């Protein structure tokens, strides 16, 4: 989740969430940055309204027939 | 979510969820596959029992609570 | 469920859910496609608001509960 | 749900649930039968013990009910 | 129960629930129709809001399920 | 919340949450660090268990989800 | 106490003391002013010892402290404002917030003495005391505490405020409070202000609301989790939720759109059965002959 925290930090600081920015934050935290994960993060967030996404409860949609216990 | 559905689809078809397989499914759907996202998905699934996750997580969905902005 | 997964994959990727698209996705996942099931899927989804239908908890009503007294 | 009602009607009348039977019932009700859906219905029910499924539905109810609306 | 399923089938297909319609559906299912019962059902349903009653089933279920096991 | 995110990032990366580390992460994110706030955070963490807070977040979810919509 | 020696001839011990304080000011990044009023000498010694690894406590006369502050930097001079009554200086390399917490934790309840001003309302709760009937009853009453005899014991009849914040506590009341083991004072090193790198921090800033911090962490973790799921950024922490979400959505779609897939047939059949029962119930409510016998149970 470090990558997500880095993204939230940048979002809160009103900075663009770019691969470079994420990498810089993580590196400063002493994290060995995985390029693919940083890229995946930026791609995942590309079309996302972050303020919205962080406030919207991420529960699995209530399912009808949860298998009987 | 298309990456997740691709994973479920492969799981149901009893295929290995590899970057190639995910890419193939998504490409067939006309999705422009982001290599990093496919990699991240495969990595995240590495230690997960998918059948288990599908059944149990519906019951105990973590971290919801719409956080006030 | 693979047909439904394929449909949701297409829906999430903002593609039309046609017999051809479903067949292509399933085939790419290594599934042996049953033409009738693919057709039936497309027919079932024809007039459905998918976003709505996937988010609405379907009540799988129990037999006993409503039994007349 | 017409197809399901037709299937249960046949089941209750102790008739075989075949494509022809389903089609006959639906046609008699003035429904424009989609051949693929009728086929898919029959196929999906092939391995389902209907009496069993209905009994299970009653058990599954608490799980379904636990899901928030 | 066949009679009720026939009625539900007609309701879902947006057809009028008349004695003739019910008889036609049941006959198509191979059921030997009891005229009096068909009449009685049609008469009884005249004053029933079927959509409402079906929705009640969905509501009743969770309530019943909430009862301690 | 940037300070909190920075701390969570460090916690997740299994690094010590010191004033220097927090400052480094925030600076890398382009945040103008308020030294006193960083100090206050570090002091607060003497008595605040982050793992605990994260567990609380996860537990709070199903409860929230269970609340009627 | 108030020694006013404005003469040019300052005794050597005073000069040494001032120099000593100035040295401490220079050697530590953080200088604090603490109130030491009401701390017995013995307790002060033990506090000093327990702080040994963290901070240096310097007790001196206010005049000398002021002199030392005045002879230090302009910033440090601003700490003059906090020198009043019984004062000591504290020096540390600690984070000021940590120092504040440490000193707050060292405070302990202490009896109030006659003639002292109480800093807060003194409440005596209703309830039994440990005293048998005797002269104490009159003493309590004389001090304004509503005492009575009940069941062979002295009791306090009702809860009342026997002194308001800012009032002087009488000898009689102070003695009775102490006998009742009511300790209205909080005694300990009372940090009034600290200076670090030119900035003054006072207790209103130094007191951290840890519950709020905890709540912030809870909220931040939720936000992060929500974001990770809603943006579909799969990690080992959220992948189960993502899978469950997809599975639930699929099931919902299957049932709501009536897709004939083996996994949803059970639910669809159950739904149909339930609807049938409900409609049957409504119909039989109108006419029992409308439904067959197997539905009448």
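Letters A, B, C, D, E, F and G mark the chains as written, and numbering starts fresh at 1 in each.
One rule holds in what follows: a residue touches a chain if its C-beta (ideal position, glycine included) is under 8 Å from a C-beta of that chain, and two chains touch if they have at least 3 such contacts.
The structure displayed is predicted, hence computed values, not measured ones.
Participant: Please find the path from chain A to chain E through touching chains that uses the fewest steps, and give that number.
Facilitator: Minimum step count, chain A to chain E: 2.
Participant: In terms of CA centroid distance, which chain is the most far removed from chain D?
Facilitator: G
Participant: Since chain B and chain D are copies of the same chain sequence, what is the angle of the rotation superposing the Cα atoms of one on the other, rounded to the nearest 5°?
Facilitator: Rotation angle between the two copies comes out at 45 degrees.
Participant: Name the chain pair with more contacting C-beta pairs, choosing from C-G and A-B.
Facilitator: Answer by contact count: C-G.
Participant: How many Å are there between the centre of chain C and the centre of chain D, using C-alpha atoms for each centre?
Facilitator: 16
Participant: Determine the centre-to-centre distance between chain B and chain F, using the mean Cα coordinates as centres, and give it in whole Å.
Facilitator: 28
Participant: Centroid of chain B to centroid of chain G, CA atoms only: how many Å?
Facilitator: So the centre of chain B lies 45 Å away from the centre of chain G.
Participant: Please list all residues of chain A that touch 2 or more other chains.
Facilitator: Chain A, residues with two or more chain partners: 1, 5, 8, 40-41, 44, 54-67.
Participant: Residues of chain G that contact two or more other chains, please.
Facilitator: Where chain G meets two or more other chains at a single residue, that happens at 219-226, 232-233, 235, 238, 241, 244-252, 255, 258, 260-261, 264, 266-268, 270-278, 280-281, 284-285, 295.
Participant: Considering only the defined contacts, which chain G positions touch chain E in the complex?
Facilitator: Result: residues 272, 274-287, 289-292, 294-295 of chain G touch chain E.
Participant: Quick check on the complex: what are the chain G residues that touch chain A?
Facilitator: 220, 223-233, 235, 237-238, 241, 244-245, 247-249, 251-252, 255, 264, 266-267, 270
Participant: Which residues of chain B touch chain A in the complex?
Facilitator: Residues in contact with chain A: 34-37, 39-40, 43, 55, 57-59, 61, 63-69.
Participant: Looking at the complex, which residues from chain G come into contact with chain F?
Facilitator: Result: residues 95-98, 100-101, 197, 199, 201, 205, 208, 210, 213-214, 216-222, 224-225 of chain G touch chain F.
Participant: Using the touch definition from the top, list the residues of chain B that touch chain C in their complex.
Facilitator: Chain B reaches chain C through residues 1-2, 5-6, 8-10, 12-13, 15, 21, 24-31.
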